[in-house]
Amino acid sequence: MSRDTSRLKTDIAGMNLSTPLIAASGTFGYGDEHKGLCDLDCLGAIAAKGISLLPRIGNLPPRIHETPSGLLNAIGLENVGVEAFLEDKLPFLAKARPACIVNILGESFDEYAQLSSRLDGIPGIDMLEVNVSCPNVEEGGLSFGVDPDLVAKVTKTVKSATALPVMLKLTPMAGAKLAETALAAQEAGADAISLINTIGAMEIDIERKRPVLGNVSGGLSGPAIRPVALKMVFDVASMVDIPVVGIGGITSARDVIAFLLAGASAVQVGTGLLIDPDLPCTMLDGIEDYMDRHGIARLSDITGALELP
Amino acid sequence: MTSRMTRKTAEDTLHKTVCRVEGVSKEGGECVLLTLDAPEIAKLAVPGQFVMVKCTDGACPLLRRPISIASAREDKIFLLVQPVGTGTRWLCERKAGDSIDVIGPLGNGFTLPGAGENILVSGGLGAPPLLFLARILADMGKQAVSLLGAGSSSRLVLKNEMAAVCKDVFISTEDGSEGTKGLVTDLVSKLAPKSTANIFACGPLPMLARVAEIAEKASSCQVSLEAKMACGYGACMGCAVPAANGGYLHVCTQGPVFPSKLVMWRNPL
Amino acid sequence: MSRDTSRLKTDIAGMNLSTPLIAASGTFGYGDEHKGLCDLDCLGAIAAKGISLLPRIGNLPPRIHETPSGLLNAIGLENVGVEAFLEDKLPFLAKARPACIVNILGESFDEYAQLSSRLDGIPGIDMLEVNVSCPNVEEGGLSFGVDPDLVAKVTKTVKSATALPVMLKLTPMAGAKLAETALAAQEAGADAISLINTIGAMEIDIERKRPVLGNVSGGLSGPAIRPVALKMVFDVASMVDIPVVGIGGITSARDVIAFLLAGASAVQVGTGLLIDPDLPCTMLDGIEDYMDRHGIARLSDITGALELP
Amino acid sequence: MTSRMTRKTAEDTLHKTVCRVEGVSKEGGECVLLTLDAPEIAKLAVPGQFVMVKCTDGACPLLRRPISIASAREDKIFLLVQPVGTGTRWLCERKAGDSIDVIGPLGNGFTLPGAGENILVSGGLGAPPLLFLARILADMGKQAVSLLGAGSSSRLVLKNEMAAVCKDVFISTEDGSEGTKGLVTDLVSKLAPKSTANIFACGPLPMLARVAEIAEKASSCQVSLEAKMACGYGACMGCAVPAANGGYLHVCTQGPVFPSKLVMWRNPL
């Protein structure tokens, strides 16, 4: 590729990213679905679709529904399972220029432990991203991510099973406890934090008197949640010392910069990529233009540069 | 069945292109036939494939909409759009010279038949991909019979276009305003497809289920399914429909065309 | 007015509403701002702009900002204070046909107590709605509403200071604890529950590198949050026995019915009213049409009628 | 000052009406002048008031946009719109025969002057309410001088309309492409308004602040302010701007026109 992205470089917990744009887990498949639609070189990293120990067939359809400026989904973490991932999917991701982040999810501490040690030491993997939005079967179905103690325990479990850098992906369902979960992750040894995952939501088909999703409820993503995500990133970034990756409704260079100003070191693009797989390239143009106009030499000079009144 | 002229999209190249509307014409049922200048897509497209269309100049609606390729000729693709909601209404308001942002060609297409009679069954807005198929069959020197069903005469689409390339066109309308009164599936029953027949069907789910049932003894029965789609190219896993053997099929990459036997027809959604 | 709304009647904790539509607090002023724009008879009740003990001048501007399908606001609870309210504003509200709900907010238990006893026994007031989203000065600024114990204590405080029916207005910031806060309110004697208040959010002006709101962050309302609100209403309504009033992004008859199906007995319309003050009348047409088509005789037959797969 | 010809909206009746676009014409700076058929609003409107306009056929953008009434005549109101974002761009694309959903007339208007010279100062898109005012002053037999400022000649609006009803029109452009090179506030300084002058100003905040300063000794100085608005009629408290005496002014009901002395000019936002 011809673009000079040197001033767009960033570093998250030792993982070098050529650009601050990461494809969000679950919205870019395993990176090989986009032939011709996306110049992968515009991405700093790809967070692969969430991987579990065993394959999952996912939820009953319908699985997606459009809401005002939002996407409601209940995919149910359909994935090929860790063995097929390593066999069939990792080779492409490992070869591609963007760094490779493997997003993992478990329904018990043991599952997180097994997954992390299976992925430990495998060439081509640059980081684990730990999805804690999954229901916790051991603790009665509430997600791990809403409880700071459970977040700490998951973090320790993963950290002690792998030498890879570990990024905890926080869920907005923690509500007022969100900053606490971030601090818990940091204290338990997380190398970075990403947020937000989708916000619990539902929609009803009033003619059929039924939820529109086969799974009754799902998670909301897209521009609708962006202002909520931005505040959460701002709140968490002002509390923790480890790098923060901002996620939620990012669909333009302007949005990327807003998240960086709020304290993120990089961002993930999810729903926006589903709609415009070439978005990363357009975004880089906009980011460079912004840096030119504001005389900004390094991307890290944007991170946290928000001025408060 | 013989040659599979289409392929999985993952093995090929997709195109995202902002293309010019070359022409707009009205069809039955308030539908609009759009001619788009999209050389890259036109070159690759095969019957049964679709495109994902951004239906706004701004940001709403958020998601692209899946629309079948109703034919591809030289540098052009044709889309037949029925205005049912925000996105399709916006599409139907386009004028020649406007621009539309399109991704395609997506999905697999119909598997082309070897010998035997070819029966194309369209219910409602099922006609577009079958017109494309009928044209390709005609180009290949194969004959086809087209069965077109609609609520009433005014909502029939692509009748003349079908007649131009098919051996026969049979019409049914629910209110009897044109052709046989009743459902298009009644026409299929009446034709009593032989075991050498190749059936191709596109339309509402209950219609497809009934066609699959009638066609049990046909040589092949391929159906084109619909599902809500966020991406259209295999990235989101949103377009699942239940498979006959348990598990799910993904309409955007494994479909939209499936052998009817692969689909779970009882309570499919 | 000529409309026969008899089958649209509903009852919330003894308060009779001629229609299930309530103007949400803060989006309909004190009910007298709309001359000619809204047929008040289409409303079952008006929840007045939140009232505090003393007048508040509100936050530094800018106070509002549009986001994708949403409205971000940080009004800062500007209000005339309880005495001016009783003197200048209540007379109109008391005279109007819709029931009168007074929305109150305090920064301490004592303020809630004083407000409630001041409003007790005043003719023309039909219900108190308790806003617990306000920062709690006694407990270090976190809002009362995120902690079930504090919600219980506020409820008891208000209940023991007034004989009026009391509706607790829950905040989505309680996150995973939301249902717990609802149960706490019910156990502490709340007569009804309304939800949701706005979701914490922010937006940044990247050119000025500053938050767009004078108050840095604010609350998100409007269609963007509707799927989130609907799930919260569904979750809470399946837990509690007292009536639930649904709020959040409602802008059509379809939305009203979705919230009723999810378990609400009535709804509040906020942002939608700011944009279309005649929305209640349009909505009633749509609700009646729905009832006709589905052969529904009473509104209460819709409440909670959602069928699950 | 004498008669206050306008009143607080809360004491009067507001109208929400879906009105027909009667005419569309291009103005400088890509602006569009819309003529709307809105008899109820036209009847009540006074200079300085505005309408809240829904800028979509669908649901985005969510909020209405405030637009000044640039004149009202018989059953018609005129709006001059500059395309700066989604909403105003949509407005500028309207064609004769389209419908627009409008609420008004909103806010207070200018307090009409007694004796003295009347100086109307418009910067950028400040001209619309001042044109309405100039026309009413002319109807009343009062003379006015109009100062129009813009970035460059091509962005000047309503110049001829102003000339038709004002004694004098003075122009300034920042690039010197028409009239005096410089800011419109320089023209105000040069005119050195006497203590009997009535000044009416509309434009960007820094310009208004400077006018307020120069006009300190004038008989009266009224400014029309902007603020983001969610409702436009006093329900949301969103449109606050800091007042000179502490506290806030609400642009939609107490304004948009204020005596300049009421406004806090240092760091107003």
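For reference, chains read A, B, C and D in written order, and residue numbers begin at 1 within each chain.
Throughout what follows, contacts are C-beta pairs under 8 Å (C-beta built on N, C-alpha and C of every residue); 3 or more make two chains touch, one makes a residue touch a chain.
Keep in mind that what you see is a predicted model, and the values were worked out from it rather than measured.
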| item | value |
| --- | --- |
| Partner chains shared by chain B and chain C (touch criterion as defined above) | A, D |
| Remotest chain, chain C as reference, centres from CA atoms | B |
| Computed distance of Cα centres, chain C from chain A, in Å | 34 |
| Rounded Å distance between chain A and chain D, as computed from the means of their C-alpha atoms | 47 |
| Approximate Å spacing (C-alpha centroids) for the pair chain C, chain D | 36 |
| Multi-chain contact residues (two or more partners), chain D | 59-60 |
| Where chain C touches two or more other chains, by residue | 60, 68-70, 214, 222-223 |
| Residues of chain D defined as touching chain B within the complex | 58-60, 86 |
| Touching residues (chain side chain C, partner chain A) in the complex | 60, 67-70, 72, 142-143, 146-147, 172-178, 199-204, 206, 208-211, 214, 216-217, 220, 222-228, 230-231, 234, 249, 254, 257-258, 261-262, 290, 305-309 |
| Interface residues, chain D side, partner chain C - complex | 9-10, 12-16, 54, 59-64, 103, 227-231, 233-242, 246-248, 253, 269 |
| Residues of chain A defined as touching chain B within the complex | 26-29, 32-37, 49, 57-58, 60-66, 68-71, 73, 75, 78, 214, 222-223, 251, 271, 273-278 |
